[in-house]
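Have a look at the structure below, then the notes.
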Amino acid sequence: MSILIRGGRVVTASAEFVGDVYVEGGAVRLLGERLDLSADEVIDATGKLVLPGGIDPHTHLDMAVGRGLVTSDDFDSGTAAALFGGTTTLIDFANQEPGHSTFEALDDLKARAAGKAHCDWSCHMTVTDMAPDRLPELDALVADGISSFKMFMAYPGRLYTDDRTRFRTYRHVAGLGGVILMHAETGLVIDELVADAIAAGHTAPIWHARTRPPELAAEAIHRSAVLAKLAGVPLYIVHMNSAQGVEAMRRAKADGVEILGEVCPQYLHLDASWLERPDGGRYICSPPIRPLGHQEALWRALLAGEFTTVATDHAPFTTAERALGAEDFRLIPNGLPGVEERMSYLYSEGVVKRGLSLREFVALTSTRAAQTFGLYPRKGTIAPGADADLLVWDPQVRRTLRAADPAIHHSRVDYSCYEGLEVQGGPEVVIQGGRVAVRGGALCSRGQGRFLRRGPYARPAV
Amino acid sequence: MSILIRGGRVVTASAEFVGDVYVEGGAVRLLGERLDLSADEVIDATGKLVLPGGIDPHTHLDMAVGRGLVTSDDFDSGTAAALFGGTTTLIDFANQEPGHSTFEALDDLKARAAGKAHCDWSCHMTVTDMAPDRLPELDALVADGISSFKMFMAYPGRLYTDDRTRFRTYRHVAGLGGVILMHAETGLVIDELVADAIAAGHTAPIWHARTRPPELAAEAIHRSAVLAKLAGVPLYIVHMNSAQGVEAMRRAKADGVEILGEVCPQYLHLDASWLERPDGGRYICSPPIRPLGHQEALWRALLAGEFTTVATDHAPFTTAERALGAEDFRLIPNGLPGVEERMSYLYSEGVVKRGLSLREFVALTSTRAAQTFGLYPRKGTIAPGADADLLVWDPQVRRTLRAADPAIHHSRVDYSCYEGLEVQGGPEVVIQGGRVAVRGGALCSRGQGRFLRRGPYARPAV
Amino acid sequence: MSILIRGGRVVTASAEFVGDVYVEGGAVRLLGERLDLSADEVIDATGKLVLPGGIDPHTHLDMAVGRGLVTSDDFDSGTAAALFGGTTTLIDFANQEPGHSTFEALDDLKARAAGKAHCDWSCHMTVTDMAPDRLPELDALVADGISSFKMFMAYPGRLYTDDRTRFRTYRHVAGLGGVILMHAETGLVIDELVADAIAAGHTAPIWHARTRPPELAAEAIHRSAVLAKLAGVPLYIVHMNSAQGVEAMRRAKADGVEILGEVCPQYLHLDASWLERPDGGRYICSPPIRPLGHQEALWRALLAGEFTTVATDHAPFTTAERALGAEDFRLIPNGLPGVEERMSYLYSEGVVKRGLSLREFVALTSTRAAQTFGLYPRKGTIAPGADADLLVWDPQVRRTLRAADPAIHHSRVDYSCYEGLEVQGGPEVVIQGGRVAVRGGALCSRGQGRFLRRGPYARPAV
Amino acid sequence: MSILIRGGRVVTASAEFVGDVYVEGGAVRLLGERLDLSADEVIDATGKLVLPGGIDPHTHLDMAVGRGLVTSDDFDSGTAAALFGGTTTLIDFANQEPGHSTFEALDDLKARAAGKAHCDWSCHMTVTDMAPDRLPELDALVADGISSFKMFMAYPGRLYTDDRTRFRTYRHVAGLGGVILMHAETGLVIDELVADAIAAGHTAPIWHARTRPPELAAEAIHRSAVLAKLAGVPLYIVHMNSAQGVEAMRRAKADGVEILGEVCPQYLHLDASWLERPDGGRYICSPPIRPLGHQEALWRALLAGEFTTVATDHAPFTTAERALGAEDFRLIPNGLPGVEERMSYLYSEGVVKRGLSLREFVALTSTRAAQTFGLYPRKGTIAPGADADLLVWDPQVRRTLRAADPAIHHSRVDYSCYEGLEVQGGPEVVIQGGRVAVRGGALCSRGQGRFLRRGPYARPAV
């Protein structure tokens, strides 16, 4: 099957031209100003942008978090929502259980995705247990296309790993050409603050945020940066969300650490006052949304090119599930939805409102994730031979984000963090793997998502 | 005329594929994996790289510096040397004389270039006199395609401008969408150090360096960064060359300044001990080459992506002209040659020896200069519609740099800063404006260089 | 004449005891717990503090500023006000006029003080003109007891000196063991901002502040710190008053600069909103009082021990004189009064309200000024042989500061920056040079102030 | 008993005079220029300095470290060595055993000291186990005069405490007005590096240092500083010894942390090459002595006033005990001797050779330790009512430090870190508690040392 996209403004992270893109056999084949070709399908993109499909390197689909709770979206609804939002590749997480092998985790995740994924996907491996005799598992995983490993400095007793385990893993991953994803919060201290808050009767959602101060995110970033430099491994800080964290990243860069920062739309958009609303429990995530002021600091860093990616940390739970913690914030499952809104939000609030350049928009939503996580140049750009993951993006279309609107909300979760926000710009046609995946508000291609074997880390040059 | 470049590895700052590039009418027309086309000329690039032509944003051709001294290369020999080295666009300098209009300077430079330039070129305007009533000249220049303005904090009495004049110019240029180039050295203090050195009988070339300590470069970078931030203008620091300067740039970035750094091969390669050789006068430039240690700091910053461009500050004077200052370093004309060696040096010492990525090589030698100086996306990338400035780059060829070898040294100056250095990698075919300009050691296209009207500054996203 | 002060809490910057101090012949002779001695006069200090007399290292008495304007206090009223406030030593300024020798300035100031000073005094030399052939004047001044030299980076055309002149002076003063006082504001840029503001019709007092942004104070601090380090001279920044300035001082310290900071009560107390009051012109000084927020940053730095001294920059002009600039802020004489309020203000707002330690209070108001400016250990502490400049300080007395109250306002200026502020703590008896100078609200010793020959700079260890 | 010290130069941290000091009943009673008094004993100090007795806030006497090893000096020999060196007060450590109460540790230490101490002493409490129900012990300890608590980030399984335990302790100590002493090394990572080194056959003493890189000291300083600021507790970093550590302290200060640094003579004097000598095992301590370069960085910081104290971490083991680890550096007991050399070393290398001021010498060796650890103003200065701990210091005497010379080496350990170093300056007479303790090379007062109940932390203002 062949597709010819005509007359759009083709934008990649380092090129821009008005012209045509010809797709065949799942890949981009030709770029030209006016291609003299026929195709099975011709799409007129005049007045539109043609962009690389989005890559969201941070989602949690069909993830069990205990007490019978599972994130609201599985690989069916989650990848559908992604595609509707312009994201053609997801990187989810296989989560090792302490005492169990990482392979089990990978098998489990693949089973959950089997036959359901509508877009391409891969996963990072969350490592919670890495005694020396488990290190060979990492070699096998890298050989198998899993080159990125997530670790937690928070959640003692569950996901937490200590400095020694992390350092051991860093060094081994460095030797394999991989990259570390870090949840950077000083969990042991947070637990003390939480215990004190609960003892003092502070059980409301806002106390979730008050017991996780940004200083502890900055501390954890600093510490992991020092260890990463010693180990020689690149370090990708997930969901950065505070002024102090950004400053810690800056200092680490100045100290020669290969450190990369991810930010998420919810941290750019929401502030801690949302946690004090009657439905505050719906906005609990970790690290928490921050007091007013941090958002502006994050936008400044984003516009100055300090972040590598914009990802979602999509981890939806329903309003009812949130309400389980009405009396005790510790019982509220953590995580916010957003896989569908990511690109529209950033385009509207970034490109339209704040002057973010189109090239940087592409780099943040696609190119650098591809480079960092070993999908480049197959993904993340528009070039001959690259996968035909393409967006025909309407820069003018305006929509108001509402969870109740089935045309623009495809996640199974029953609320949106951006409820009522009017956004400008969004995908008109989404092409994934050389097929039209979304058009006219319909999902046109089902269950065709492939598991991607990823290569080693490459410094995102863009 | 049409050219088809077949089977090369096409590399831009954010894309990479093996395939074909089709050129016609001076521009790139098609990119594809295997183009089914004929062309006037077909170039087999199998095993080779196909790169955007280099842009050297810092040269001084045919520049008079007083006492009858003029840089050794005019637009004929200078642009020829550039092309032989893979550089297809130069940005030189029109230098306003105090008390005279900037237009005179531009006219003078255009006259010098007329009919001689073999590659495309433009110029920055060096501003030495910007009383309030001269500000409208800046508007006219920008309208005329000159969007970048160089100012000096050194050379009191000649090129120096004071804080007030600079700040006035910054603010006006900010409003015009332009960019400031800054020669950052605290000239007034240097003059005091020089006077003292001479009074103490220190007249040897090394004292040129000793009287211009790196602390004074860092101070000037800091000061200009503060003023640039207040004025809201992007600031491009030319020829950065010291550890302290890099640190000043880092701090400025962290403080939210839009600051960009240029480094030059001579500062990566030479150290101050060269000034103590019998022919030390040949290595005098300003800022001076630095003591051992700075080079490593510059390489580290370069590999960490901290610099925007690698330029040459090509300003050659002959060995005989240098000898005029044998008894007094103040009489030695400042400046070093290098326009031809730039890309090969960086490829060999950066890509081959130090693991610089190919994409970053392209960004440093071409893309970011195009973005910063308003030539993008016409120049600096390979995309349909862009100027067909292309290199077929042989990644394996090895040559030993020697000023006496007419096959690889086309500047009129009689020595090289890289004498005896073996480099790997260099251009095999150079296409400029859709024509083959260099092939088989011959300049195939003469006098076809165009003066480029440049647009506004764009933050280099790559 | 002998005095025995009995039973007070004697506090110096590094010692504290309850006991007696015996004074004779102008000096402290004995310290003991219960001295078994008689004396011409016995003062019962039970329940009181006994402190070293204050040293205000920054006043401008009887200073002509052009247009016939002279600061409101001469050496008579100024030193009286100082003594009433607990300050027993002033360091004023002799101001070299460009083109004239520094000796003239010193002679002029001595003539103004002759027979009038009620407390001991010295002066810094303000250098405005330091061509190489004037440098020997500095040697003579140091030999004559003037070891500190003030220079301006602001006020082009009047007090401004350029980088070269300053650097030359720094180096010479370094060799003489002296210290540089720096008025750190980037005057050339300020002048451009002022010209623009006036051109735009912005003539109100608040525009004095808006045209002197704190970034330009920080820039000047940074620049002078770099040059001071190169020159090897200690650098004392007068009237620091902004968050950015404090940060610049911190960075300079971290970079190894011998930098010392002075802060003034007016900058701790007033914010820029005062300039927007109908009588805003009364609060104009340079650098200007800063927007809300800076005051808190200054207090934090003060409490953290980052400042060396608290001085006043006492430069009073009457309300009528201020009104001359009602239509144009440039015509308002700069400077604020405060020599009498300094110690009470800092005791009340610092020690009583914010937990400043008594030892640090002594260090800030007396000891470190003595060390920095070559008066130590003759002044600044309480030890056998030291000058008997002593305060019996009532830690409980409460007063409301009012310019109209002759009991607590002895300056000739007709307003106070602290009008209506209730302060706790103040001098009950002031002993200067072994004589009771103030007691019971009366000046008991007139015209006995001596000109002090000062020694070299000593790093303030306290 | 009374003593009159005549005609010496009396120096405290903030005063200096030539005169007399009269002592009676264990305390200083009078200070004067020429006291007209008789005394039981008159000491002529003409040409000598009279200084406050030294306080060494970091010793380990009679400390068992496992495997039957005990530090070579008990309270008899250790306090004797201290006195001979001019130190009149020691602060040692009571070391809680995990699972046991802190009271046991204190009782044990008191039993070890009973009847043996020749100088005054106190102890910090080393906390290794601080579950919430143990916190009341801290209240009791503070009430009992133990206001400082040491914690370790190194030595997992023995002394290590995790972030939560430390943070809990910080907060409780903050409420009690105490101070935390921190052994700042990231022990968990060190253990991984050690395991790897041993696995690779690297067992020589130098590998002790190579597996404890300075980056991990800086990390631990940073982390503990962040937690201390959150907890509001002052943080005293013991045995700082690296350039990176000093930089971490600087940044913490700039970030508003109440952080204080201790340095030790061995880190100023020795470099890592000593570990590569045949007797390298004798120089093992933790943190380890650092490569050449760090010493100079420490001296620079010391001369710039960045350290609070110079202490010894005196923890001697004999050459024979050291040899136990000849085949495996892990078996070598950690710690170096130096309690006797501290003051002479710092006077000679600091005051005489590097221009350290006498006042700063007093502050570093005595005053600030007294302030920080709640002994001030009873100790640490010379003032009426203060304990008569006084040194008559001969600024000219020259001695060569040798472990074999019984006149100058009173520790039981059989070697010195300063073997062969000639030092200038040392105590001629040592007065402790109003008695002559050392004179003419003899210990004149035995077993009179008192256990000191200490008060709360006070910011060292000097």
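First chain written, first letter: the chains are A, B, C and D, and each begins at residue 1.
What we mean here is this: a contact is a pair of C-beta atoms (placed from the backbone, for glycine too) under 8 Å apart; a residue touches a chain by one contact, two chains touch by 3 or more.
What you see is a predicted model, and the numbers here were worked out from it, not measured in a lab.
Engineer: Which chain's mean C-alpha position is the greatest distance from chain C's?
Structural biologist: A
Engineer: Quick check: how many Å separate the C-alpha centres of chain C and chain D?
Structural biologist: Whole-Å distance between the two chain centres: 39.
Engineer: Hey, how far is the Cα centre of chain B from the one of chain C, in Å?
Structural biologist: Centre-to-centre distance between chain B and chain C: 51 Å.
Engineer: What's the distance between the Cα centroids of chain A and chain C, rounded to whole Å?
Structural biologist: Comparing mean C-alpha positions, chain C is 57 Å from chain A.
Engineer: Where in chain D do residues touch two or more of the other chains?
Structural biologist: 251 - these are the residues of chain D that touch more than one other chain.
Engineer: Between which chains is there touch?
Structural biologist: Between chains, contact exists in these pairs: A-B, A-D, B-C, C-D.
Engineer: Please name which positions on chain D make contact with chain A in the complex.
Structural biologist: Contacts found on chain D: 156, 162-164, 167-168, 186, 188-189, 191-192, 213, 215-216, 218-219, 222-223, 226-227, 229-230, 251.
Engineer: Inside the complex, what are the residues of chain D that reach chain C?
Structural biologist: Those in contact with chain C are residues 10, 12-19, 22, 29-33, 35, 247, 250-251, 253-254, 256, 258, 300, 304-305, 357, 359-360, 363, 367, 377, 381-386, 458-459, 461-462.
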